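Note that the chains take the letters A, B and C in the order they are written out, and that residue 1 is the start of every chain.
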Amino acid sequence: MSHTLEELAAYVGGEVIGDKACEIDSVASLISARSGQICFYTGSKHKQSLRQTSASAVIVSAADTERSPVDCIVVDNPHLAFARIASLLHKPSNVNQGIHKTVCIDDSAVIDPSVSIAAHCVIGAGTKIAAGTTIAAGCVLGDGCVIGENSCLYANVTIYNDVQVGRNAIIHSGVVAGSDGFGMANDSGSWVKVPQLGTVIIGDDVEIGANTTIDRGALDDTVIGNGVKLDNQIQIAHNVHIGDHTAIAGCVGIAGSTRIGRYCTIAGGVVVLGQLEITDNVHITATSTVTSSIQRSGAYSSGTPLMENARWHRSYVRFGQLDDMAKRLKQVEKQLADKDSK
Amino acid sequence: MSHTLEELAAYVGGEVIGDKACEIDSVASLISARSGQICFYTGSKHKQSLRQTSASAVIVSAADTERSPVDCIVVDNPHLAFARIASLLHKPSNVNQGIHKTVCIDDSAVIDPSVSIAAHCVIGAGTKIAAGTTIAAGCVLGDGCVIGENSCLYANVTIYNDVQVGRNAIIHSGVVAGSDGFGMANDSGSWVKVPQLGTVIIGDDVEIGANTTIDRGALDDTVIGNGVKLDNQIQIAHNVHIGDHTAIAGCVGIAGSTRIGRYCTIAGGVVVLGQLEITDNVHITATSTVTSSIQRSGAYSSGTPLMENARWHRSYVRFGQLDDMAKRLKQVEKQLADKDSK
Amino acid sequence: MSHTLEELAAYVGGEVIGDKACEIDSVASLISARSGQICFYTGSKHKQSLRQTSASAVIVSAADTERSPVDCIVVDNPHLAFARIASLLHKPSNVNQGIHKTVCIDDSAVIDPSVSIAAHCVIGAGTKIAAGTTIAAGCVLGDGCVIGENSCLYANVTIYNDVQVGRNAIIHSGVVAGSDGFGMANDSGSWVKVPQLGTVIIGDDVEIGANTTIDRGALDDTVIGNGVKLDNQIQIAHNVHIGDHTAIAGCVGIAGSTRIGRYCTIAGGVVVLGQLEITDNVHITATSTVTSSIQRSGAYSSGTPLMENARWHRSYVRFGQLDDMAKRLKQVEKQLADKDSK
């Protein structure tokens, strides 16, 4: 379904510069766009692509309207307006497909009539699935789970017993939620399992990327706040709390009982050790290791720069000599001071 | 089923201080406990929670009995005693659910009558599953596998052909065991696959966390020893050997043909390069990279500290100048020595 | 089926030293081989194993023929010749198993009659699967997918809508291809999903390891070139391009829109940040973080050495003082220069 530029601008609170009646049917990138499509432009890195675009219109900020060779929608945040317009133009067709005949549902499960469940899913005893939710093929939901309204589980998701998922969740394939935490007591060298008796509570508007794992709590629960966005292959250990609207990129690991604040961003490959408290609005750059609690908002980092191998190896070796170097430097300073005071 | 404090103390070889007849039905954390529940206390970090607990009893060490506001079981290792009591009070109901009608089992598979297999599982030719084992929905076991007694495979586990799993295994959802190792020969730039002809041998009492992957050996086997505990999202490459009772935390990668000793602990996010030998009782701290063999027991680390971004960036840049700094320091020392010797 | 040494040598363009009629039925490692088996030898590390082998023959380079206690095939690249001979001797029996009765296939899917599809798979609308391809149990393929000839999907693979896979693909269990990229726009702190409208295009002769995830493009596509080899638990973000014949080891993460060249190797645990360009023939060592584009072929590294914990901790602390040390060193040099100039 197409919309006019005027309709789209009104939808995102923007202003049209150009032909208000121009019909837009879909979104595209500046480079691949054709007539009838809209793009967005946010930075000088894409200046060349903007100049050459075959799109019918571009979403830009006021500062960039001059640059656009085509009609514009002017907004404060072009990326955000683009997200909204793309969602409008590419709304998934939410047909109720019903429950496939191969699905195994326990008699005590409570499934809203508007729920779609695809082939070979398994739904456990007492599990409740709310209106408008779609569950793709091969998902396994344990007993006593709750899945909120308008959620979407992609194929081959596994939800253990008693896990709760809020409204508007998007859970990608291969996600495991509610697996046992890594809790063990040591008995003269060998390990004795500590039963993991809590569960996982996932808030509203959460997206969880492919193959991400979220362990159930040991005694109390693991908690994922409202609006949290988790990328692929993230590991969330038992009893972790993730604050509302925090976004975590791929390959991150959060160890047990750590609490992450609200509005944080954690970049790819970060590891956060256990039992820590990270306050709100903390931003951790890629592949950092967080070894202690963070009480002050801001950006934090660890790690060393990438270098050509031979040059790197020299720094790598010197790293092991750093304490010695520091002591020798102090000694040199002392010798110089002694000389001066003579 | 509830037990008296006296029964529980006897079960873990501890001593009751207080009302031996006190009835306990479950475990909880100090903070969330109610009457009828038992907790454990191990450290001053939780002093406040202990003081305020509504639990009926607490498991403590002798040194901490004074602190407890409620009845106690006194033991040497409260965490271990708690693990045992929690397992006793929260024993999963092991009802034989039989084999679901949607399961596809090859005629030549040998399944003990006490085995439960849930919906949509697939069991290959010649695969043997021993008494008391439970296989949750959606698991796929290849041909020629062996699964020992009293093991538990959670939903959507994949076991390739010929993989052997010992007794009392707990294998969480999304685990893949027996996939091909990353073996390739280079032919003028392009890669030729080396067939992966070994398998995976997993000992007794092993737990494997969600989405962990264990590759089959190239020629000989990949071996996971008895009592090994693997957390989530670990990657074990072909021909790795993990010694008995070693515990590995989440997001660790072990490259091909490396041998890890017994009683080791490897913290989260560690990478161990290939072809190495790590002796027994080695402990690697989080996110370290192990680049050479370790012949001596002890704790090992690599990595740099987390800092506020601006301060970190200065150290980050200086890291690249380290070799230059070291040479200049030496030069300065030489100049001073020359002066002194004049 | 066994072959004579002469036949095997001809197959790999090598030369027999010894009994050309010697019958070989399988491959093995030097240590575990028995009579009738062939091994390969590449380096002095395995000298002892070579001396003691019970194999009937060994594949060696010309320089090592003297060392071999048994018959040899002499070639330039023993590992490559071994890969070829192992593939010949251990060819998987490619019986057409047909389509299992529990498979759910949309009427509009186009499946070549020679395709095997195992139990509980689901194949979406319009999806095309070419001749000779095998799909193991529990795989879910969305709508509009294309899978090329002679490909192999192991159990429990998930392919989202519209993903294209070339010929001779090997895709291991737990792989997810086509999941949404991590695209979000920020709206006063909370995150608004950007629809992910591209797909994933995978070339010919690609192998993808267990539990690896490849996100679909945001607007344009994520592209995996011909002959690319991906190990287990790799995360490929949206709009990444991987050049032909590049090999990537386990636990690597590649962030959004990064382009990796051809003939690169990326070792285990590396993270490559987003929006970067890595040229051809670049080799990144294990656990490096790539933070900027690389225009020159060669080997690159980051990271610090593993040390005993106590010694490491001293360097770790000094790292935070590096900038201060550098300034003090400069000051010392200045003082010395001043003295000299007096």
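What we mean here is this: a contact is a pair of C-beta atoms (placed from the backbone, for glycine too) under 8 Å apart; a residue touches a chain by one contact, two chains touch by 3 or more.
Remember, predicted model here, so these are calculated numbers, not experimental data.
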### Query
subunit C and subunit A are one sequence twice: same or different residues at the contact, by the over-half rule?
different
### Query
Cα superposition of subunit A onto subunit B: how big is the rotation, rounded to the nearest 5°?
120
### Query
subunit A to subunit C: how many Å between their CA centres?
25
## Note on the structure
In subunit A, the residues touching two or more other chains are 102, 120, 138, 156, 174, 211, 233, 251, 303-305, 307, 317, 319, 321-322, 325, 329, 332, 336, 339
### Query
subunit A touches which residues of subunit C in the complex?
102, 104, 120, 122, 138, 140, 142, 156, 158, 160, 174, 176, 179-180, 182-187, 189-195, 197, 211, 213, 215, 218-220, 233, 235, 237, 251, 253, 255, 271, 273, 284-285, 288-292, 298-305, 307, 311, 314-315, 317-319, 321-322, 325, 328-329, 332, 335-336, 339
### Summary
So, in the complex, the side of subunit C touching subunit B is made of residues 27-29, 31-32, 77, 79-80, 82-84, 86-87, 90, 100, 102, 118-120, 136-138, 154-156, 170, 172-174, 205, 207, 209-211, 227, 229, 231-233, 245, 247, 249-251, 263, 268-269, 286-287, 303-309, 312-313, 316-317, 319-323, 325-326, 329, 332-333, 336, 339-340
